[in-house]
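Chains here go by letter, A, B, C, D, E and F, matching the order in which they are written, and residues are numbered from 1 within each.
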């Protein structure tokens, strides 16, 4: 049924290579099937102005796509400025990661997670959140090892997966051929303990029922479970 | 419990003044409590390049806020460019409105819905969708009256409401004081027949359960029901 | 003679609704015929850097037009940046309003007057000045009532009207059909006591004589007299 | 009385060097006292889109200031974009020059007049108009000599001068020390035959009477008379 | 002597992984020591406007650096626009690659080579040229295999290496610690047959003699010889 | 052989008019044949942030071209932003001038050299360096005369000339007709004592040998010798 031959509730293969670059405090190259994202976490010992002297830390994210990450070359964003889509995605990644952070425990420091898509095949924002959390975990590990942080500020892993209705059927973890056909699709961000962080279901030229919504949520819970297991394996 | 004294499932008062401006093909000033949005629908007899000779029409939206629509004056977007938040909102409004449009019936023409917030008190994007549909409806009525369109392309009304968890309780139609406190909140776009178009639930420094998700959805269905009734009254 | 049937020296009907929005310290919706402008005055207890510790206050203005204020939809300025025309207009409004302000009496605070055109039919910059003064008056009234200012800094009302040579005749208060035809037209800003603040007469593909200049000035004096009366009625 | 020792109605010394650069169809370096402006006229055998197939020509202008034309170095406009002031000035120059052009006689071609201030000491926009007309005259002469134009499209010379109230006295042709002190000042654009093209009188923190307006106009007529004589001498 | 312990004329280790991404017509990840650059070649069957109907092809390049490719995180260029340094580098890469291309044999098509620095340790523009040529070679191979091109347009390999005077000694292939100390350094682009394409020697707060220039050129010839051998091995 | 009839190693005529403008601390109009550049040096008693409290001075440069400096009018950079080419050139000018400056002797002050091309005929960046050094020299002279600087920070004059291979022959000081034909050309920046500061040889669709490189260098040494003599004559 699915172009890839996967079962309706089957995830793409996940592969995570940690410490992919040397300068960042934490980094990984995450591959969700043919979607490859380089995630780096950069630590700064200062916070944005609105948090000065608040005792709270900050986690933020930026997202980009290399011009030929896609099937057809896109214009380089450095020439055009960030598109609305890019800004929307990086705001989502930042919110998602912060949902798993105890900002008091982090203390007045900022971690910027950069998610740069090397190769795209659908689900880049979900891969960015899942991989971004790993980079964040590795950077925080360094802070804890150095004794700069005592209490672990990462209270719960955060991961994300897309779901949608493809050819009339709810499916898990859409690749690009499915994504470009699906009239209804969205992203679910969940924590390791199954709590919900963000739901973004969206229909374009279509609508969906509350029952379909429930089915998609069930698929997402299954998928994120597998992603969290992969995160744990990668950082241990 | 609520700052406004409303019941948990009580909407703000809705008022709609159609034909608020004279040049637009359709327009209204919608007031959802103290949130006031001017919506205009502008018709063009041409479509964006990617739709040329496709036989399909297009509905798109733009969103803005006057500098002193808010409690504290904001920098004018014409000086700064549109923020990521603004672009995210106008993409949402466009997608939401298109979900109720039969683009074949519309034919190769474009309708741009401008939603400009005159006064803000929370829920501006939802008021924009609800009021934007009215402006769209009025513009399409003109086309049908003139015989330029035979089949009504507006297959189902579209309206939106926000819900969130405020002080531990699910509440409907958040105003600004609630919105700025709620750790979990989001927007639901539904059709007149109760189908779902868009769900955007988002937690900042918090998480929510699937049960809470269901409760919020229930509230949204009640709220949109009332909005659709108001839409129908306004355009009849 | 005139498309509207008005006499050569007849103004359009003026209507002013004060306190049109709730957040601004002063606001009004001014209607000069079919030209409708929302004016808000926003108070800040600080001045631009060049006035720090000078003891002087500042009044500045910004101007915008909603995309469908005009007969044909214009591109949104938030997408394009402010045009040269827009910047020229808002510089004029600011200068005009400051001409009626005792900046010592105002003290080190800034009032920003935003003039946003809801509907345009010629003369938007003049309506902005006339309505902007009302918003300014209301904001200053609040400061005086609160005892923050003792001496009234608004020494004289300021209002503006356009004049031009249409079909060979000097006419007062041009509407859009006249404005787009007139080879010579301009704006006169005067005070309540008949002093001149700004004269901007401009010919495009035409010229005018000093006698015609005098006639236009006479019309302007008549028109501003009526506007100042309307201002006084609105704020009393 | 005046910092320069000039009489109240005395112009600064005018010097005009034509053909200052070799590529432009017409050019001059105009010096009005210590204000030096390089004006070039560039001919193109095409008009802007809104004039295609109209049979009408177009004259437009651009204005700039070298970073160290002023007493203190200004930021380079190529880094900042054109300021509102710059756009206002170049729109004025364009309108002023067009007032003396028979656009039918010019035919469907465009002449762009660039006015770049090499050294500034007040009155740069007036020097730009006066010098710009010379560049335009020289470029049109070439077209006529080549037989590309039969009827002279320059129906009347155009020149401009500033006037203002300095130390309580109406004065002609303000230099920078006067300009920065004057509470009331403005620019008058007139034709060789004494017709008015543009009047821009402006008060900042001051006002003026209709009698003062008349006096300033008289000064301007005297000044432009001298400028037109200098123009004629330069191009003959 | 050198921080890395290398001999004065010793290159860093070179590693090249071809086909690193799947969408591009040609791609490689080139590692020159700790400098890692992802190069992709994207083919388009159209040329820029200035080459339409000329029968000539075009090769161009774009360059970017991921924000945390460097020791300290840099601002993302998509937010800032391309810096002057970035534009200078990508113009160099494009010129260098074109020097080895027979643009008649390429025919009217464009190949865009994107060079994105994943990790930086000095010499990123040289690695981009050397790796960029490999991506170009692979893309052209596909065109030839498909029969779209008959004559090989790549007439000679092109590669680049940096040289400089470090601690008073001419050294080959500077890494970042050397590069940031050297008062004189530059880049040499050469062909496989030893012809020169581009020389950019630059001193900052220092100067150099013609003898030193000769020594540096000798080092560059040695280095490029090794790079060309590595290129050939990678694409065979 | 050469379009101008010059010998292969013959420079264009050089003319230098110092103190061309009155506000700048140093200025000149340099003419290298038909290439005319206005150079001004502006002094500020502060340095960029990265040099605060370093005891070191800074010399920087900016470059521009008037729209009709060229044969065909170019778009004004103030409208478009600085092109990559412009930024590349002004970075070169700044580096070149700094090579001749003892930044300790200069002390914590900045001199900005603006080079604005009034008329272009090839070699504008070289004329900018040669003329820029004169403006710098004049500004430093003022500082020394005033006793603000004791030790002369200008340790050696700096000048630049272009060379290239035109019609198969190495030639000195290319004008525009040669520059636009030459497949190989570049710029040499040298000091008065014959030391090298910058070499930028570049081939477009061609290559060159090491012997040709030596010949071009020899020509450059001859040319810069003549330029330095002209600099000395101008500032004495």
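Keep this in mind: contacts are C-beta pairs under 8 Å (C-beta built on N, C-alpha and C of every residue); 3 or more make two chains touch, one makes a residue touch a chain.
These numbers were taken from a predicted model, which means no experiment stands behind them.
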Shortest path length from chain B to chain E (each step joins two touching chains): 2
Where chain E and chain F overlap in contact partners, by chain label: none
Matching chain pair for E-F (criterion: over half of the contact pairs shared, by residue number), options A-B, B-C or D-F: A-B
Euclidean distance of C-alpha centroids - chain A vs chain E, Å: 33
Chain centre separation (chain D, chain E; CA means) in Å: 51
Chain C and chain E: spacing of chain centres that average the CA atoms, whole Å: 59
Where chain F touches two or more other chains at once, by residue number: 82
Chain ring listed from chain D, with chain F in second place: D, F, E, A, B, C
Sites on chain C touched by chain B in the complex: 21-24, 27, 34, 36, 38, 40, 42, 44, 62, 64, 66-71, 73, 76-82, 86, 112, 114, 116, 118-120
Footprint of chain A on chain B - complex, ascending: 82, 84-85, 87-88, 90-91, 95, 98-99, 101, 103, 156, 186, 191, 195-210, 213, 217
